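In what follows, subunit A forms one complex with subunit B and a second complex with subunit C.
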Partner chain A sequence: MKKKDFYLFIVPSLLMMFLFIAVPLAIVFQQSFYITQNVFEDVEVETCTPGFLKQICETEIQTKPKLDANGNIINVSVFVGLENYKNLLQIEKFKKSLYSFSLSEIEKINFWKAFRFTVTFCLITLPLVISLGLLIAITVNNLTQSLKGPVIFISLLPFIITPIIGALAIRWLFVGEGILTSLIEYLLERDIALFASAWTLELLMVIYRVWHVAPFAFIVFYAGLQTVNKETLESAVIDGANRFERLRYIVIPHLMPLIIFVSLIHLMDSYRVFEEIVAFSSQAYVISLQWLTYDFLTPDDTGNRLINRASTSAMLTMIGVSVIILPLLKRTWADYREGNL
Partner chain B sequence: MKIRVFLLGIAFALVSNFAWAGCSFTNVVEVRSLTNSFDAWKSVTEAMSECGNVTATLDSEFKDKQPDAFAANPSLYEIGGVSGSTITPLLNAGTIRPLDDLVAKYGQNLNPNQLIKIDGKIMGIAMSVNNQHLMYRKDILDNLGIAEPKTYDDVLAAAEKIKAANVVDYPFGGAYKSGWNLAEEFVNMYLGNGGEFFGEGNAPTLNNAAGVKSLETMKKLTAYMDPEYLTSDSTYAQKQMQQEKIAMAYLWATRAGAMDNAEESKVVGKIVMASAPMGDVRPASTLWWDGIVIAKNISDVKAEAAFRVAMEGMDTEMVTANNEDAVWLITGYKPGASAAGAAATAENGAAPYPSGSRMGVMHSALGNGIADFLTGAKDAASTLADIEAAYTSAATEKGLM
Partner chain C sequence: MIETNSLKQPLSLKISSSIFVVLWCVIASFPILWITVMSVKLPIDAFSSNPLTVIFGPLTSNERNYLSFQDLLFCTFVLTIFIKFKAKIYNFYNKFINFNDILNIIFFYIFTIILFYLAFKSFNYFIPVLDVLDFKSLGYTFEHYQTVWVERGFSIYFKNSVIVTFGVVIVSLTFGTLAGFALARSNSSIAFWILVIALIFRALPHSILVAGYLPFFMNSSEILRPILGDLAPTLFGKPMAVIAVLVAINQPFTIWLMRSFFQNIPSELDEAARIDGCSHFQAFLKIIMPIMWPGVITTGLFSFMLGYNDYLVTSLLLDAQNQTMVPAISGLFNRDTSTTDQIVAVAAAVSITAPLFLLVLFFQKQIVSGLTAGAVKG
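On to the complex of A and B.
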């Protein structure tokens, strides 16, 4: 392709990425170093609201935002350096709780509570997704031709369902009066409450996420399995390699670039775990970093929202994602340099 | 066949065009409303639609949209449905208009009690009042010889007896869902115990005996609730009551009507609506109202049409048809048994919800902080101290302190 054609093709996409990814990112980055606030003033206000039969009038000093000449709320932005990061990370408190060697002390700080869950969630689901995906792929690959189509279709269903809907379905099955809870209660003859403790909630979240993402791993690995060199496999059989050895020394090395690809995507996705928290309304027990950002952005009844702190939290999430995928990126880069890719 | 369907379609189109039969005038100006989505709003917006050219948006997340939608010029909605606290951002930003002249012209049927007055100017029209109060199964309490609980000590004693008798799954239920709901429970309890939220310069003043007592009462109650209480919102608690799972509930007055709805309730006629239990000073409940406001950034013609449509939505005819949907303030409302709890709570002297910018920040801090005490992660004093710290940090960031 001529260089000019190449640029013509890529310019629209670059422009879009610049407008919709780079620019917002730069603004969020900048926002995380500023505090934007209203200018408030104390005014005496008489408020009359309905009682049951007669009105209740109260006069009190209220703190209200000042308006400018055009009737708009006056906003001021102040550069505060790392203040937002300090507020969010609570470094002093975090250090103190580190010295006490107690996880429950660290979990009293919202950010670190969310961080602890997010990281464990990523690291626990990753091997489960990869191994389950591989298992299904190998099983389907060994099925007779006539069964393959229907089994692939059914295996893919969890991946097609919208995440929030899937998570809600799990919630309705396992909530206090849910069908599955009732069944388990009937079988065990005891009351269970899966949504009333952190570990059961986390377990449900892991199960849900693996159920939801394993089909993606499966379909990628299944495609990869079609390209395994048949002759190598046959010669391995002749050399006396058993099924496990063939998997260990031929199939998995062949699939390695795909395993890294699936791991990358999965880590990036699961670091932003969010739907599970909302659908299970688990915020009393378990919160994630993405949920924290969302919570800062949600306005309260009177319209306040913490945009700057949300920006800070979003930046930290982005840094976190970059760090957690770093080992995998390094490996891909090394493979690329060696010419394996 | 196709022609018949086509004709049917035309017939329907004509009928819907003439659907303003229930309205006293024909509205020709486009009017849009954004309100919450509970039953009372459904009834009111349906009655408004009878006037024609009304587009009603009912959205339980309305409060996230309303401030920005009303700040646009022209405003995206003419009519806004608000409550005692969600009117605050609109008042602060000055995006709703005074209604004095419109009330003088078209508001002959309004009660003086309905007029929301800020510094003497009418800024909104209330349609109903709401508060949380006690609901209990009369059959169960009578069988066990328990008198109507008047305080939370009574409630706890009754719950213990009900638990011992093992007649329901859980003795007590309420909207304890972490976040806004849980914070509201604390606000009710704390104000009932005579607590003050703010001191000099909007500084928080929670960490005191009243605060600790409120938290401890809440924790004692949770021992008698479904263990998943931190995910239980009003609808969940309402269903528990309707399905005979609980014997007492602390719920919104808007949920009272549903207890006697035979289509979804197994406890028709068995529930008594009682006052909210007394705290140390006043009933542990706050008074709320729901009503409408009219946008500022619209033409006077539009505002007039919007106000007239709203008055049609909030007229006696609508109340007569939907008497049980809410504790209406509108002429023609017949307070039935389902309104008794709300009335008793108000008569016993419950305080209005103390809305304002600082209270919004406080409510969020409470909603995120209280669960740690109920789950046992923190003790009462450090829970309150952490909530105060969270409030201080957020209020400072917003410029309130």
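On to the complex of A and C.
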């Protein structure tokens, strides 16, 4: 393909990505070093209250936001360097609580609270998703042909459902006197409140996420199982390998590239954990990094959005993304050099 | 291939693996089934701690509508017939009408059910013994759906969802097919770097991007005035702006997926067309696109899901009257004041899920191929 044609084909897509991904990224980077404030001015205000014989007048100096000609509050952006980052990270407080090994102190700083949850969430769901997906793929692969279609259909439902709706469905099963809470209470013979403590909420989020993503892992692994070399399996049988050994030494190594692929995609997506927080209304107990940025962007009671703080937390979120993306890039680079891409 | 005994599974393994599959199917479908059941019940039944009360809804059947035991029997009967003699019934009809598309098949099912129903009723008319079975068993009511769609404005949100979703699908497919084709046919290092950058963009949390758009979108009419004059729009709250944003967010995934589909089409095909005198674009449009439809449909499905399912971008960038269905639901479930409100939210959730359910029903194969396209080759 000639260069000119190549560019003609690719330019609309590149332009979209440039305008709506690259440019906002640059803007966010810049915003994270600024603070947008209202301009205040000191106004001398004389307040008079009617008194006997004479009015009692007081003059005081009040600070009021300055208004422009249209009556809107004037904002200015001030360069503050790393001030926003310091405010968000609270390094001093963080260090202090780190030295005293008190996790509860760290949890009081919103950013570290969100960071702690996001990272543990990724790391806990990962092995669960992979192993459950693998288990379903292997068992479904053994089913008779006519049953595979319906099982795949049912398996796709948790994956296809709108994330926030899926999380809400789980919420309604467990909230208050929900059907599964009642069951657990019946089994334990005591009252439980799943939505009133951090660890139960986190457990529910893990359950939801595994339920939601396992089908994806299953479908990918299932497709991979179709390409396992039958002759290798047969020769393993002749060599006396039992079922578990065949799985361990032939099937799993064959699926290994897929396992890595699913892991990386899952890490990418679970690092963005957000909908669970909204659906479970868990912000008082559990928050995630993406939710933190979202919360700064949501207008407060007076209609203000903390854009600069949001930008700062967004930039800090990026650091984690780069850690996850590096192995993926390495893999793509290797593929490219071997000409497999 | 040799069939050895040791490749066959022992009975114990067979049993335990089928139990596991059944268990997984129950877990996978249960939450969705359960909210569907809840949504057609009165609050007292729906939030009962006894599962049987939730399923049968005694209060609902007393105060609203119900299916009698007879009706249920009829339904099971028809279902069994369908499952057992599907092919035979199908062939029987095929003698009269040619069923070759989905609409015909739907028509065929409805027609058969009506036929069965009439037969059943007339049978009951002549032999009234079955009246004994005519007692209330399964209560249902659609009043929550009515509340959601009529009073709470979901019909408007639905319309907005349709606009945003289809906008995203159409634009993202147009741009994605072009870019995917170019990337699949080019070996240059620029193509590689574009793919790598797309991969990095794919990993970005969406809230980062929204933090970049918000200030610009809110003040866009002032910022763009020097360029566009008085036509400069305020982008905040506009569906068009959200479509552009979602298309951009979706573009990295789309071009990777499209590229892998285009790579499956041998490049000799468009080279042949080029030799016959087509330009690159003509070869793309006349030779490649006609055989690319499966890939386009698959990619379109994933764009659809992204546009339809998005909560974060739409909730921050759309104003109240342009709100789509998914963010609108947060206004419903946060009112924890009464149980009726909660059931209304449940009905809204089921309403949002229904189109996705149909999507899996009709496009299962395409979704599966999309999930595996990028992965299995590597």
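Just a few scattered comments:
Here is the rule we use: the second predicted complex is superposed on the first by the 287 of 341 C-alpha atoms of A that agree within 3 Å, B and C clash if a C-alpha of one lies under 4 Å from a C-alpha of the other, contacts with A are read in each partner's own complex, and residues count from 1 in each chain.
Definition applied: a residue touches a chain if its C-beta (ideal position, glycine included) is under 8 Å from a C-beta of that chain, and two chains touch if they have at least 3 such contacts.
If you're wondering where the values come from, they're calculated on a predicted model, not measured in any experiment.
In the superposition on chain A, A:82 makes contact with neither subunit B nor subunit C.
When the two complexes are overlaid on their common chain A, residue A:298 makes contact with subunit B and with subunit C alike. By the touch criterion defined above, A:51 lies against subunit B but remains apart from subunit C after alignment on the C-alpha atoms of chain A. In the superposed pair of complexes, A:38 makes contact with subunit B only, with no contact to subunit C. In the superposed model, A:196 lies in contact with subunit B only, and not with subunit C. Put simply, more of the residues of subunit A are touched by C, taking subunit B and subunit C as the two choices.
Of the two partner chains placed by the overlay, neither subunit B nor subunit C lies in contact with A:98.
Contacts of A:157 after superposition: subunit C is touched, whereas subunit B is not reached.
Shared-chain residue A:281: touches subunit B and subunit C both. In the superposition on chain A, contact is made by A:257 with subunit C only, not with subunit B. Shared contact residues of subunit A with subunit B and subunit C: 176-177, 281, 298. On the side of subunit A, the complex with subunit C involves touching residues 1-3, 5-6, 8-10, 12-14, 16-17, 19-21, 23-28, 31, 135-136, 138-140, 142-143, 147, 149, 151-158, 160-166, 168-170, 172-173, 176-179, 182, 211, 215-216, 219-220, 223-224, 227, 230, 233-234, 237, 243, 257-258, 261-262, 268, 271-272, 274-275, 278-279, 281, 289-290, 293-294, 296-298, 305, 307, 310-311, 314-315, 317-318, 321, 324-325, 328-329, 332-333, 335-336, 340-341. Those residues of subunit A lying in contact with subunit B across their complex are 35, 37-40, 45-58, 62-65, 67, 71-73, 76, 87, 104, 107-108, 110, 175-177, 191, 193-196, 280-285, 295, 298-304, 306, 308-309. Residues 1-2, 4, 6-7, 9, 13-14, 17-18, 20-21, 24-25, 27-29, 31-32, 34-35, 38, 47, 49-51, 54, 174-176, 178-179, 181-183, 185-186, 188, 190-192, 194-216, 244-245, 247-249, 251-252, 255, 280-281, 284, 305, 308-309, 311-312, 316, 326, 329-330, 333-334, 342, 345-346, 349, 352-353, 356-357, 359-361, 364, 367-368, 371-372, 374-376, 378 of subunit C are the ones that touch subunit A when the two sit in their complex. Across the complex, subunit A is touched by residues 63-64, 67, 71, 83-86, 88-89, 91-94, 112-120, 126, 129, 177-180, 182, 202, 226-231, 245, 287, 289, 327, 329, 342-343, 346-347, 352, 355-361, 363-364, 368, 371-372, 374-375, 377-378, 386, 393-394, 397-400 of subunit B.
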